[in-house]
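Sharing a structure with you now.
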Amino acid sequence: MSEIDAGPATVVAPPAVRARAGRRGFGRLLRTQPLGAIAAVVIVLFVAAAALAPFIAPFDPTAQHRDAFLAVPGSPYLMGTDDLGRDIFSRVLYGARTSLLVAVCTLVAGGVIGMVIGVVSGYYAGGWVDTLLQRIMDTLMAIPGIVLLLFIAALLGPSIRNTVIALSLLVIPTFNRVSRGEMLRIREELYVESARASGCSTWRILRRHGLPNLLAPILVVASLTFAIIIIAESALSFLGIGTPPPTPSWGAMLSDGSRYMEIAPWMVVFPGGALTLGVLAFNLLGDALRDFFDPKQSTR
Amino acid sequence: MASPAAHREDTAPAPGPPLMEVTDLVKHFPITRGLLRRTVGHVRAVDGVSFTIGAGETVGLVGESGSGKSTVARLVLRLLDPTSGSVKFDGQEIAALSQRELTPLRRNMQIVFQDPVSSFDPRMTICSVITEPLEAQGISSGQQARDRAAELLDLVGLSSRDLDKYPHQFSGGQAQRIGIARALATNPRLLVCDEAVSALDVSVQAQVLNLLRKLQVELGLSYLFIAHDLNVVRYISDRICVMYLGRVVEQGPADAVMTDPKHPYTRTLAGAIAADPRTGGGTRRVVVRGEMPSPSNPPPGCPFHPRCPQAFDRCSTEVPAPLPAGEGGRTASCHLLDITAVNGKAVGR
Amino acid sequence: MIEYVVRRVLYGLLVIALVTVFVFLTLRLIPGDVVRLQLADAPGVTQEQLDARAAALGLDQPLVAQLLKFLGDAFTGDFGISFQSQQPVTSIIAERLPITLQLGLMALIISIALGVPLGLLAAYKQNSWLDQSLRVVSVAGLSIPNFWLGLLLVTYLAIWFAWSPPLVYRSPTEDLVSNLTQMALPALALGVSGMAAIARMLRSSLLEVMRSNFVRTVRAKGAPERTVLLTHAVRNSLVPVFSLIGVQVGGILGGTVILESIFAIPGMGSMIFQAVQMRDYPVVLGAVVVFGAVFVTVNLVVDLLYGVIDPRIRYA
């Protein structure tokens, strides 16, 4: 799972990001980054599917239709049924819910913690706080992503909350690295010195000048990290230590399907396709945002 | 540039204790190297600087880039922590205060930077830029602070219509006026101008200098005015300190120092002005030989001796102490002023 | 230079030690007594038996003493005895690590062997339809979860060609063909995202080099475009691609956990998965430390070689 460790930072060469976007920014994003715009539409569809799953889904995702085990895709089962006779289309929709829920929670928890660590560390770069925090981050990063996830999630036991905790540990170093690097740059900016001369406390400087100026690079990282989280959540569920059954999740569906793949490939194809499409959309959006914010890329 | 005549009749600084008193200020930046980050040397950015600023007085600090003048600006405001020495503001020692203890004092001393635009957060409106010191110090906020910002823009010659614009929408001169407005927000008593007009066109320079002088009269401000351009410093300052390699080599009343420099370095600087086509001079030109040595490896003895046209053997061994060099408390740190030292030696060429 | 190498090696060792401490403390801090978990299935266990077992495992010692003992043992290559198989963890790892390294190496070779030509092609045909579709393919390659790709490969090879990889592992010395056919699919699945990342990175760094002044000079001398690209530009644009490899290794190592399980390959990945499920703590600990050590070592080597490839890097 290369994406998990590669992390956005490899894909994002440290961007000299400067956002002068303003409110007209979104329109310009749509015009200059058509692929990103398509990705944004796909993401909106995903969110809609997740939010409206109870209204769209033709069947209860956990209902077992005894007359239709491993039914071929068609009518009335759009994507077929699984080995227990559950409607795969409905489960894919509800699975989007699980994925998005876990990803949003992880992004908020891990993203905020990683940013706070990175910002504080970057502002006090070279001090003992920085050294201590960065050693911890290096430690977390030295363990391959899935191995770390497996380790933490297995110890905590399968539940959505524990999945979020494990995934947060995975994304904290990424956000830390990006925000620390940006903070190192911001720290040298004259406006930070001038804020200090104005009598601003360190906390006020970090809050008013540090965080807002970090926002553009963080947005890029958040989008690319979202893709990573979705894959990682599925991987955990695939291994049976993520989202516990019967809650529908794409990873667990793939795991179930892997046992019937030769007689019922649709059990693997559809949830995996949804997963890949979601990941693809967030990767494309992240790419588009990076190009959008990076003045060097605009000539391409 | 206006003629460097004495611009105020009452040039005598007000009697009483000075507003700021700087004594033996030192800042050494360590140079580290190797596995264990051993300190292998120091950059002696500021190496024993003393001066005073009286209430309502303007003290000019001149020198080439690398002479340590901007470091002095940051030290007296405690944006950097001094290695040693004393900085007294209004009689209170501030060199050892914690940042928290300093916060209430900051309203009395503010700074105007060389590059105004990059001293503003690009995401903040002009209103937020100007009101930031007010809010940070808990002086005022909300509509009250906004009214104050409008008042300040008016004071520096801009319009309150500009309050909701962003920094990059202004020209250099306008931006510097905003920088001044921000610095004045808390009604400070001392304004440190760090190369505040150096980046501006000459005509705009004059406007901003005149604004600073107008504000000084109206608000009773004291200035520490830092620049590499002697003309500018002479125009605005009551007294001048000339810095070279982290030390003040000469100081005294502005016109006296400029018209009759006592230190060879000041003489070369003044000569450079005389040769400046803008002043129409150019008859008398003293060229400074070579480049300023690195402050990480200063020469022994007088810091200026490797470039000094009048250096003699004592200059390379002994650091000259400030010697009285005329009226108004003038001093210059040069062995040439020590009569016994130059006894029997030809002075000058 | 030597000082830099020494510093990097020492720091790498420190990180590995920190990984060990982290894993050890996490295991101990998580609720759930190791002894009880281990003896949970045995009925009628007395407190004496529990205590005796704890003492045998050294769990009655203070935490710090346990940690120091573990660290000391780990550095001499002793990770204890597996709860499950009662074998020394070190010998289990020694048996399985080469298998995973072989799989990882194959994946790495695949990602380079496919990624470099694709990146070159995309840059050579810049902005053509080929470049555009390669761009889409590479983003897609980065987005496909490798375990899904692995499943699809097995499924459709079986459905369309009635071919399945062998399900019993043979070592390369025992039966090279069987070994390689079993490893090929998981290695391909693991290598695809690396391939995509390398192709993307190579394309953009190559285009950057092509715009640089020195390439313009070579062109001005009248060298044909193909020569410019292949001899001058490629060499310089491979430098950032090389730095990507260290990161790829982390992904590949992590990916082995699922793919080894899917393809029944008895390597480190499937071992750590089973050990986690069985709560076989000594094995988990040893495996995580070894994974960390491999990852840190690869990155160290990449960083050091980076300086050899790119003479502009100076060791300060």
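When the chains are written out, they are named A, B and C in that same order, and each has its own residue count from 1.
The rule we apply is simple: contacts are C-beta pairs under 8 Å (C-beta built on N, C-alpha and C of every residue); 3 or more make two chains touch, one makes a residue touch a chain.
Everything numeric here is computed off the predicted structure, so don't read it as measured data.
Visitor: Per-chain Cα mean versus the mean over all protein Cα atoms: which chain has them closest together?
Guide: Answer for the innermost chain: A.
Visitor: Taking each chain's centre as the mean of its C-alpha atoms, which one ends up farthest from the centre of chain C?
Guide: B
Visitor: Give the chain pair, either A-C or A-B, that is connected by more C-beta contacts.
Guide: Top pair by contacting C-beta pairs is A-C.
Visitor: Based only on mean CA positions, could you tell me how far chain B sits from chain C in angstrom?
Guide: Spacing between the chain centres: roughly 58 Å.
Visitor: Any idea how many Å lie between the Cα centroids of chain A and chain B?
Guide: One centre to the other, that is 51 Å.
Visitor: What whole-number Å value describes the gap between the mean CA coordinates of chain A and chain C?
Guide: Here chain A and chain C have centroids separated by 21 Å.
Visitor: Taking the touch rule as given, give the residues of chain B at its contact with chain A in the complex, in rising order.
Guide: Against chain A, the touching part of chain B is residues 74, 77, 79, 99-100, 102-104, 106-107, 110-111, 113, 115, 118-123, 132-133, 136-137, 168, 182, 186.
Visitor: Give the list of chain C residues in touch with chain A in this complex.
Guide: Residue positions touching the partner: 14-16, 18-19, 22-23, 26-27, 30, 32, 139-140, 142-148, 151-152, 154-156, 158-159, 190, 193-194, 197, 200, 207, 244, 247-248, 250-255, 257-258, 261-262, 272-273, 276-277, 279, 284, 287-288, 291-292, 295-296.
Visitor: Given the complex with chain C, which residues does chain A contribute to the contact?
Guide: Per the stated touch rule, the residues are 1-7, 10-11, 135-136, 138-140, 142-148, 150-152, 154-156, 227, 231, 234-235, 238-241, 254, 257-258, 261-262, 265, 268-269, 272, 275-276, 279-280, 283-284, 287, 300.
Visitor: Help me check something: in the complex, which residues belonging to chain A touch chain B?
Guide: Per the stated touch rule, the residues are 18, 20, 189-191, 193-202, 204, 208-209, 212-213.
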